[in-house]
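Per-chain numbering from 1; labels A, B, C, D and E assigned in written order.
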Amino acid sequence: MVKLIILAIDSMLISNIVLMRFLGICPYIGVSKKQETAAGMGFAVIFVMVMATLISFFIQKGILDPLNLGYLQTIVFILVIAALVQMLEVTMKKIAPALFDALGIYLPLITTNCTILGVAILTIQKNFNLVEALVFSFSTGIGYLIAIYIFAGIRERLEWSDIPKPFQGAAIGIITAGLLSLAFFGFTGLVKL
Amino acid sequence: MADNKFIVKPAPFLKKPTDVKMIMWTVVLALIPTTVWAIYLYRLNAVIVILSTILFTELFEMLFLKIRGSKKVIATSFDGSAFVTGLLLALNLPSSAPWWLCAAGAFVAMLFGKHIFGGLGHNPFNPALIARVFLLLSFPTLMTTWKQGMSVDAMTYATPLGILKTDGIEAVKSMDLWRLFAGLPVSGVGGGSIGEISELAVLIGGLLLIVLRVIPFFIPLVFILTVYVFTWIFNAANPSVYASPMFHMVTGGLFLGAFFMATDMVTTPITPKGKIIFAFGCGLITSLIRLFGAYPEGVSFAILIMETLTPTIDKVTKLKKFGA
Amino acid sequence: MAEKVTFRKGGVHPEERKALSETAPLKKMAAPEMLYMAVNQHIGAIAKSLVKAGDKVLRNQLIAEGEGAVTSRVHSPVSGEIVEIKQMVFPNEAKVEVIVIKNDGKNEKAESTEQERNLPSSKEEFLEIIKNAGIIGMGGAGFPTYVKMNPPKDKTLDTFIINAAECEPYLTTDNRLMLDYTKEFLEGAGMILDMLQIKKCFIGIEENKREAFEKIKSENKDARIEPKLLKTKYPQGAEKQLIYALTGRVVPIRKLPFEVKVIVQNVATVKAVYDAVKFNKPLTERIVTLSGKGINEPSNVLAPLGVTVSAIADFCGGINEKAKYMVNGGPMMGKAFDNTNLPVTKTTSGLLFLAEEEVSSEEENVCIRCGRCIYVCPMGLNPTFLKEESDRRNYEKMDDVLDCIECGSCSFVCPSSRQLASSIAKGKQRYAKHIKKGK
Amino acid sequence: MKDNIMQVVKLFIVCVIAAAVLAWVYGFTKEPIEKSKKSETLDAIKIVVSGMTDQMTIKDSVISLKDDTAKVQSFIVMNPDSTVYAYTIKTYTSLGYGGNITMMVGVDTSFEITGIQPLEYSETPGLGTKMTREEFKSQFLGKSLDNFKFKAQKDGGDIVAITAATITSRAVGDALERGLNTLISNFKTQSDTIKSDSVAIDSAITGEAK
Amino acid sequence: MNVLKKLFNGIWTSNPVLILLLGFCPTLAVSTTLKDAIGMGFSALFVLVGSNLVISALRKFTPQKMRIPIFIIVIATFVTIVDLLLYAYFFPLHKSLGVFIPLIVVNCIVFGRAEAFASKNSIIDSLWDGIGMGLGFTLTISVLASIREILGNGTLLGIELFGKSYSPVIVAILPPGAFMTLGLMLAGMNKININMEAKRKAREKAEKEKSKQLKASVANG
């Protein structure tokens, strides 16, 4: 139990997926102009990340490992994720239209988001069991949400700022992310994996 | 009479109670006790650190203002804000910091901390703290080796919090808390940043700021109280591992941070409620880092981390309108 | 010592500077040769001139009138001849039609005016008199008084508040009026209470006018009327703040005072009602404070409406070379202008001639987020936010501008000299237009 | 309908070709990959054991810690005549500044250190990571439990700590002590019984200790 | 000429990272040392060229609806090939690139070029596009890595540059340093483009002036 909590805190704050692991930077920069959309994206990522990690976990343990097809991991995972997102889109529209309205527009963005594939592969690389995989993917997703949400808040404030021309746009976004990452270094060692 | 030229501008038509310059220079004034104490303890070393940091900060301020095409480079660079940043950065450095470290800090503070975002008022993070953390991560050895105040030898020692983190509670049990509070040398203990040695000196300046209404009293109060309560809880639960709350009060940069950095209005929430949440968060994270984190001291990080939340806090603490 | 009340949120206390004109006795100014009567001095439907160039007019004769439920009238302060009707630009940037009257010096009054008459027997008659006399709020806004005194049928009133806060620095007209016309003022208040059938009246007086307070207290015999001391704090005189201070009632946002059974009138308005009801005298004169280091003899002047700024200034010893700003109104809410030919209107409570050293004139700078504007806003708004959004015309986020009372407290305290109030006021106009268009 | 079928068929063709290509590539990379997997450990062993020759063989075993049931990996370097040349152990500590540190330690047959090599760690770059430098590592050469106290000088031991990184230095001491103790308790008394089952270097190192 | 222009396009005018703002993740993550960066760059280059070629070759064959899955399969195949080859023959590099090798699959540069270019253009053009983009990516990540390695470690390609007394700016090789350095590179690129744009405008204006004067003088003369 303690181990799981430590894993959760580590993947949320200390080894934050965006700020420390460098995954999902593009949507982080792209979908963070407003806090509402950032939150939507964050929740969508959590949702898809957990689903994708679990499914790819089963595929790895149930199919690839027994058949010794480990080298097909990349190709299988990405296809599974693409299919999953498609299916999610369709079923969500039918079963939970409200949820679809909130998260639907972010789903296509997520297919090509490296966080999802990255976390699925990391789960296998780190040899997590099912519960750990669940905790890892969920808390990593939360970490993504935290990072993108506070980042969007800062960017909203930067709207009013008199940013020098060459820095406007992605440049200031990336640098701000760097400063966030600098601040998050304070969490180092809070828990030790 | 008839040839008067009248100026038309919007109201009000009165003398302002205060302006930015005055606020900033008041902060400088309030930092004088700390500065004087630092110089008394570290003599020439402190003078060099303080002077070179301020000098470079002002230089980079001018340089970046110039590059950004400001029309009033000189006037703007002496509005006091860069001076405050420089002085606070200096007070956050060890007395042994070489001049180039001061210059590097000043550069980072002014570029990444301030002018990239458009200068005074626009920066989301505290420039002095950005610089401090940048230096801490970049030059950990230089930034964590401390000389003892007033001593002539070149020995370096750890700070009380460093000793607590490295050697455990037994090593700090016998320290005289009053001496630590006043900033007097304690044997076997290194001072720390030149501005964090004497809580007393910081307190004098801080109270001045409160009296002059430059900062609201509740930010430092909530910040410090939160650290007190949290460290008290852990100390009460397990005194053989966790140091006493009073020990946490008189060590590290808690007072300097609470009075002078968590109060930088540019980077902290704007409403009173927001400021209280902010100060509480700072206290909480400071305690967590001190008790469990890798770093012996957490004030700088805590303030920076809370600053990432400033816009969000501002949003959720909107004021109630009169009559709503 | 009497209890002092005040409002809850925000507020500032600028240097009062009333000493300049406070003790100056009331000076009566005779009508000069030329008078300039703006047809529109009130809020509501625009009034139209009833006269044309060449017409002869008598003192107190109706010369302009509007149509509709909310409007007002204008009367001539002198007898004479209409010279022309022209457009003038007023400090609030509005272009207004002005009737130019040449005083013939004969001072002939219109029939039946300025003579004692019977008190009205009904509320309707009372309101008619006020309407005919062209009385509008003299506290600044210029809202027609007969409309205000006649709230919708389903609303009842239980408290009448006389706004004697005079919270703006420099201004001393209400103070002068209460000291010099104590009896008339109190009688007028009683009349209004009778006619509107209200049982309670507060006179809210700021502590810095203790003399007036004591005088009213000692001369008042009407049990319904209670003078109350207010803490000296700007904007104590703003309607909602005043109501809260005196009654503890909070006027709901974007609602009018009658929602909490209250009506508020300025001291001068009450005196004008008294004159109209008792003597059938329309509103043709008012007390104006001339103050500041730029005027040679700071004074309180009872002046006919329509006198030019230069004429009234000359009456007070003239403008000296120190004067760098001319302000219509108080220093917090007033408007600067540079044309000394503009006339005094019904809402001109003060004319300030300010020297360089009396005014901060730094350039507008960036917001350092000190939060001072937020602390002082009596309406609980976030002025720096509203200014940014107003300047950006970001209509989605600036709805709060409608709640700004334009008191200027925020601009006053801003250490960065940001023109918050004026930007928000501009935003308010734009936003109102935007909403109208939307509908 | 026909269109749809065509599409699926086309997709299928692409899949088949892709699978075939991959199978082919996998076929000829399989062996080098196996080799790579081992190379890390092998390299570490080569660093901590000096004077290894191609004739020597490496035998790997999983041994228990002293006074503990936990297991670690150990490698025994054998001379061609099947006598032991050196032992190495993958020891660890959890006292590092950034958590766990694992390191390879090599000893000769008198259990004196011949080399140490940190493998996995998350110490602070520039501070704790100085433990990988020769200046620091060399102080342990020839040291054994008998002639060296694996504690920082500050704590009354013999380790010259890295400036401003006492924690890391202590952790290294902890790892070394654990490793030496474990090697001694497992091998000291029975050093001559391990003569059989020598394996060639290449195929020896498999699997990770749990 | 045409080829050079294409290469220049990938390296500068539409540099995938600095102008198109694609592929930030590998750029940031795999730039602690120049060696890793070059490895990453060429891996991506290989995948880009390979997948561009195949996708372009298959563009007639590919049904519109099955476009995406086919792209994914083609790209993933090349990625897996790279993965296996690196694992087999460049093990240390494989170790430092870590999870970012499989992630080339979702790397926006590769996918973006497949979708935007290769599926619509001839094989030869796609080849050059792939090479240009790949070089652009490699160059960018290499510059970033050089800066970070020099500042943060005092070395370049592992060679010590300043001697023992240099105390490296360690943040440069930590995550914050990656963000900040890339941010500065983006800003530098913007600055250069802004300046060039301004110069171009000034030149155009001057030319217009000239032709006007010319016309005027002709009219006068």
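We adopt the following convention: a residue touches a chain if its C-beta (ideal position, glycine included) is under 8 Å from a C-beta of that chain, and two chains touch if they have at least 3 such contacts.
Predicted, not measured: the structure shown is a model, and the values here were computed from it.
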**Fill in**
In the contact graph of chains, the distance from subunit C to subunit D in steps is 2
**Request:** In contact with subunit B and with subunit E at once: which chains are those? Just list them.
**Result:** A, D
**Request:** Check D-E against B-D and say which one is joined by more contacting C-beta pairs.
**Result:** D-E
**Asked** Using C-alpha centroids, which chain lies at the maximum separation from subunit C?
**Response** D
**Request:** When you average C-alpha coordinates per chain, which one falls nearest the overall C-alpha average? Tell me, please.
**Result:** B
**Message:** Centroid from C-alpha atoms only, then distance subunit C to subunit E, rounded to Å. What do you get?
**Reply:** 68
**Asked** Rounded to the nearest whole Å, what is the centre-to-centre distance of subunit A and subunit D, using the mean of the C-alpha atoms as each centre?
**Response** 33
**Item:** subunit A and subunit B: spacing of chain centres that average the CA atoms, whole Å
**Value:** 34
**Complete:** Distance between the CA centroids of subunit A and subunit C (whole Å) is 61
**Request:** Could you check subunit A for residues that touch two or more other chains and list them?
**Result:** 71-72, 75, 160, 162, 164, 167, 172, 175, 178-179, 182, 185, 188-189
**Overlap residues in subunit C, where contacts from two or more other chains coincide** = 366
**Message:** Please output the residue numbers of subunit D that touch at least 2 other chains, ranges allowed.
**Reply:** 18, 22, 26, 97-98, 126
**Message:** Could you list, by residue number, the parts of subunit B that touch subunit E in their complex?
**Reply:** 104, 112, 134, 137-142
**Message:** Can you tell me which positions in subunit A touch subunit D when the two form their complex?
**Reply:** 71-72, 75, 188-189, 192-193
**Fill in**
So, in the complex, the side of subunit D touching subunit A is made of residues 18-19, 22, 26, 94, 97-100
**Asked** Which of the residues in subunit D come into contact with subunit E in the complex?
**Response** 3, 6-8, 10-11, 14-15, 18, 21-22, 25-26, 29, 31-33, 36, 39-40, 125-126
**Message:** So in the complex, the part of subunit E that touches subunit B is made up of which residues?
**Reply:** 167-172, 174, 176, 180
